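Two complexes come next, and they have one chain in common, chain A, joined by chain B in the first and chain C in the second.
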Partner chain A sequence: MAGIRIENVRKSYGAVTVLRDFNLDIADGEFVVFVGPSGCGKSTMLKILAGLEEASGGRVLIGERDVTDLAPGDRDIAMVFQNYALYPHLTVARNMGFGLKMRGMDRGEIDRRVKEAAKILAVDHLLDRRPKELSGGQRQRVALGRAIVREPQAFLMDEPLSNLDAKLRVHMRAEISALHKRLGVTTIYVTHDQIEAMTMADRIVIMRDGEIQQIADPDTMFARPENLFVAGFIGSPGMNFLLGNVTADERGARVSLFGQDVSLPVPLAAVPGIAGRPVILGLRPEHIGPAHGPVSFAVRPRLVESLGSEKYIYVDLPHENRGAPADAKGADDERRGDALIARLVDAGAVATGEPITLSFDPARLHVFDADTHRAIR
Partner chain B sequence: MKLRSSRIVLYLGVAATCAVLLFPIYWLFVTAISPPADLRSLPPRFWPDVPQWQVFSRIAEERPMLLWLTNSTLAALGSVALSMTVSVFAGYALSRFRVRGGQSLGLFILTAKMLPATLLVIPLFGIFRSVGLIGSLWSVVLAHATLIVPFTTWMLKGYFDTIPRELEQAAMVDGCSPLGALFRVILPVATPGLAATALYGFVLSWSDYAYARTFLTNAQQSWTANLGITTMKGEYVTDWNEISAAAVFVALPILVIYLFLERYLVGGLTAGAEK
Partner chain C sequence: MSTQSIPAQPLAARAPGRRRRFGLDLARPSRRHWLGYLLLAPAVLLIALIIVYPLFISLDLSFQNVGIARLDQPRRPFTLANYERLFTSAEFWMACWVTFKLLVIVTGACFVLGLATALLVNNRFRGRSIARLFVALPWAVPEVIAVVIFAWIFDSSFGLMNWLFITLGLTSQTINWFSDPDAAFAVVAITMIWKGYPFVSIMALAGLQSIPEDFYNAAKVDGANAWQRFTNITIPTLMPVLGVTIVLVMLWVFRDFSIIYVLTGGGPLKATQTLSIMTYEQAFGFFKMGYASAVGIVTLVLCVLASLLMVGRRAEAMY
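Coming up: the complex of A and B.
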């Protein structure tokens, strides 16, 4: 096992740059998740770590070894692929032992390690089968087994759960986390699913257009997003964004939301000259309550979605609060810029078009610069 | 009801197609075992009254069929071995590596196949004569390879394209070199494609007449079966039943090979590599 250091790694294909100055220190045994929308460069970075892609610049160190120019097989890493990439002409046992055989390990030791890994992953009864005779979940376990028998310095996982159905994905997510805790091997996991990132990671690296947007643990990522993109990407449903013009008086910075004067949770001194400028305000759906609170407003929901345990209430935004940039929304967010979602737990009966009072605490507001999209604190 | 009638139409279509495809083989066989007098009778006889089975043993004794078939086999095996060696690497490179002009190069390879054999035979004759290969089976092996390589390269490129790149990436992470990944993982997975491609090349070489006729006419010991059969046509009298019987001998090996390789040709080995 070893830590991994990525220093100023860049990657370009001709004039197209897919990774810019990627810097990251990963501690020994840490579980780091690269997350971001399609085309953000997360898989490219993983392939550079594996040695399957050549970096245009920068260095990669595993432990104290500079592996930048080493072949994939010499890096002492194991990789789990999105489509499993099991060798179809080999049995499960030979699939799992292939990497050890390539390293010239003796047959007895290979058998011992394969059986041990197969037992951990509960595939020991499948060792003589071919991949085509396995279910999706079993193939995924064999792919994991092929990685763990190697006892490598690090695991690289490229969206390993995205081919599984939703139920199995949740199950395998927990299994991979448990496996990581048991083995303690440094793991880098790539996904576009922010829920996978939040539930599995020690630290999350959010990427967009080849650049790191924020590196933080899941709770910090949720509570203190650095910019509008991170705020919109993390959380489901995604954060609501409202536009407001700042006014300042002796009580501090204020904006008008739902026709009410609301104090911003930002000291005026933090942003000199903010008065008179527009800001984007973020409010998470779960921070909106069903009753009277510090800031209450009466609305008629235009849509109510019930998930049984909770309800998503879609509410029209006042015209003065519309216009936050659409690209700040999360990947799975279908809202247009004119609606706000409230996520209500145990809210009782709520019907579309019927009046309801909602409220929020201004302390929960996130404030972003309307030009730079960076958080103002 | 509608489903049943459409099924009947489907079966009738399949039966008609099979009849059209199989009739020449059947007719070749009937011609071989019919007495010469029956061959020009009208209406035609679809099965002779007294099948002349001895025609097969007769031509086997009177003509060097075994030598011709051996030469055809050697020429086909040689040209297939040469073509496959070249086209496995060429097809893999075209499938996997993006190089400047790679696409044009691939298409350029294919244009070689667009030239008719009769056009290539003259310059090839000049080349082989200058290196002393005229009359040698090697001339046919090399000439057939020039015909086969463009097609097999593209067939294999198409097959390699269907194999997920992650397979060789996984092999490389497991410790293989790029060449090791090709030999240990990609080629075993590509067995159905390799078998189909090799068989295609074999048939192409086996059915050649123009090259053998040009390069081997004066070397009877090197005659291939197709060239040998044409010498059975007399100036005044031609025994069509004997020629047909010889043709049956020539067609038989291909038929047998198809039967043995059928399970590889239908493919399906990559199932399970990915979801």
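Coming up: the complex of A and C.
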């Protein structure tokens, strides 16, 4: 096992740059998730780590050893692929032992390790089968088994769960987390699914257009997004964005939301910079509550979606608060600038078109610069 | 509660706009498979007429002592004489041996050459499409034209090959390619390989392109070198395609007639007379159609056995 250090890694295909100055230090035994919309460069970075792609610049160190120009087989890493990449002509046992056989390990030792890994993953009864005779979840386990028999310095996983159905995905997510706790091997996991990232990661790396947007643990990522993109990407349903013009006085900055004067949670020092300018305000759907609160407003829901345990209430935004850029590309839903979603638990009966009072706490507002899209704190 | 009785109406009367389709509605789910049979019928009839029927005729002929077969003549008495003569004839065993040699050499060389060129043009390089075109070119050249080209290349007086051999100092005098049994066999084999390898190449290339890139990536991460990747991934995953391709090439060698007939006519000294040439010679050279039919039937049995052997083993789906 070892830590991984990525220093100034760049990658471009001709004029197209897919990775810019990627820097990351991964501690020994850490579970790091690269997440971002498709085309953000996360898979490219993983392939560079594996040695399957050449970096245009920068260095990769695994356990203090510079592996930038080493062949994939010499890096002592194991990789799990999205489509499992199990060889159809080999049995499960031989698929799992393939890497060891290529390294010239003797058969007894290969058998021992394969059996041990198969037992951990509960596939020991499938060892003589071919991949085509396995279900999706079983194939996924075998692919994991092929990685763990190698006892590598690090695991690289490239969207390993995206070919599974929703229920199995939740189950395998927990299994991979448990496996990581048990083995303690440094793991880098690539996904486009923010829920996978939130549930599994020690640290999340959010990427967009080849650039790192933020590196943080899941809770920080949710509570203190550094920019509009991160704010919109993390959370489901995504954060609501409202536009407001700042008026400043001696008590701080204020904006008008739903026709009410709301004071912004920004430090006094930041107030002069934004006074008189528009800002984008982020409010998470789960931070909007039913009934009265610090800031209450009466609305008629445009649409009510019930999930049984909770309800999503869609509300039209007042004209003065519309027009926040839909910058949260890659978020789960295609956000529209004219609606706000509230996520209410145990809200009782709410009907479309019927008046309802909603409220939020201004301290929960996230404030972003309308030009730079960076958080103002 | 209102219970209104609806008078029982025939279906057609309730849907007045519906057209009747010749009384045979193929769109009905229960009749959907009829369409398949209908579409297949012309092809099946044609094949029955020009392949199956003659096959049975020649099977029948092979058990009769017939010179020129005529359908308006009464059937001759049943006899095994053709087969007795066949299995005791040195010429037949010679033809079997020539066919076998060609089969092994041509199929083997086509396999190696086809796979090698497919691997080559499967790589990414500048001018790959042109290279692919050149690899497939011999396949597009009509067989007879290919034969004429090779007949000129190996011409003893004006041929390119003799010029090359003399220029390179491999021989001091011209080789008469078509009068030496070994040389003639070599010329036939080379021509057949040239004409046959692109088929293997095209099939292998199609197979190669269907191998997921991640198989190779996974193997690279597992530390497999290029040769290990070739033997452990490329060959096994290509095997279903290659198995069928080899059978098709073998059958082609078995039945090919024009290359040998135009190049050497089966000579010299029957050194290039395969079973198909022998069948033709006996039937239309010596007008011994009963005997020729026997040769043909034996060839058919050999072909069926050979393809069963090859296809049966690899037919199961891999994925």
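As a working rule, the second predicted complex is superposed on the first by the 373 of 377 C-alpha atoms of A that agree within 3 Å, B and C clash if a C-alpha of one lies under 4 Å from a C-alpha of the other, contacts with A are read in each partner's own complex, and residues count from 1 in each chain.
Here, a residue touches a chain if its C-beta (ideal position, glycine included) is under 8 Å from a C-beta of that chain, and two chains touch if they have at least 3 such contacts.
Please read these numbers as outputs of a predicted model, since none were measured by experiment.
Peer 1: Judging by the criteria at the top, classify the pair chain B and chain C on chain A as clash or fit.
Peer 2: clash
Peer 1: After the superposition on A, what does A:Asn163 contact: first (chain B), second (chain C), both or neither?
Peer 2: First partner only.
Peer 1: Mind working out whether A:His89 is in touch with chain B, chain C, both or neither, as first, second, both or neither?
Peer 2: In the superposition, A:His89 contacts both chain B and chain C.
Peer 1: In the superposed model, does chain B or chain C contact more residues of chain A?
Peer 2: Touching more of chain A: B.
Peer 1: Is A:Phe81 in contact with chain B, with chain C, with both, or with neither (first, second, both, neither)?
Peer 2: both
Peer 1: Do any residues of chain A touch both chain B and chain C, and if so, which are they?
Peer 2: 50-52, 71-73, 77-79, 81-83, 85, 87-89, 98-99, 102-103, 132, 146, 150
Peer 1: For chain A, which residues are in contact with chain B within the complex?
Peer 2: Touching chain B from chain A are residues 47, 50-52, 71-73, 77-79, 81-89, 98-99, 102-103, 130-134, 136, 139, 146, 150, 163.
Peer 1: Quick check: in the complex, which residue numbers of chain B touch chain A?
Peer 2: Residues 164, 166-167, 169-177, 180, 185, 188-189, 191, 269-275 of chain B touch chain A in their complex.
Peer 1: Where on chain A does chain C make contact in their complex?
Peer 2: Spelled out, the residues of chain A in touch with chain C are 50-52, 71-74, 77-79, 81-83, 85, 87-90, 98-99, 102-103, 132, 146, 150.
Peer 1: Quick one: which bits of chain C touch chain A in the complex? Just the residue numbers, please.
Peer 2: The touching residues are 212, 214-215, 217-225, 228, 232-233, 236-237, 239, 317-319.
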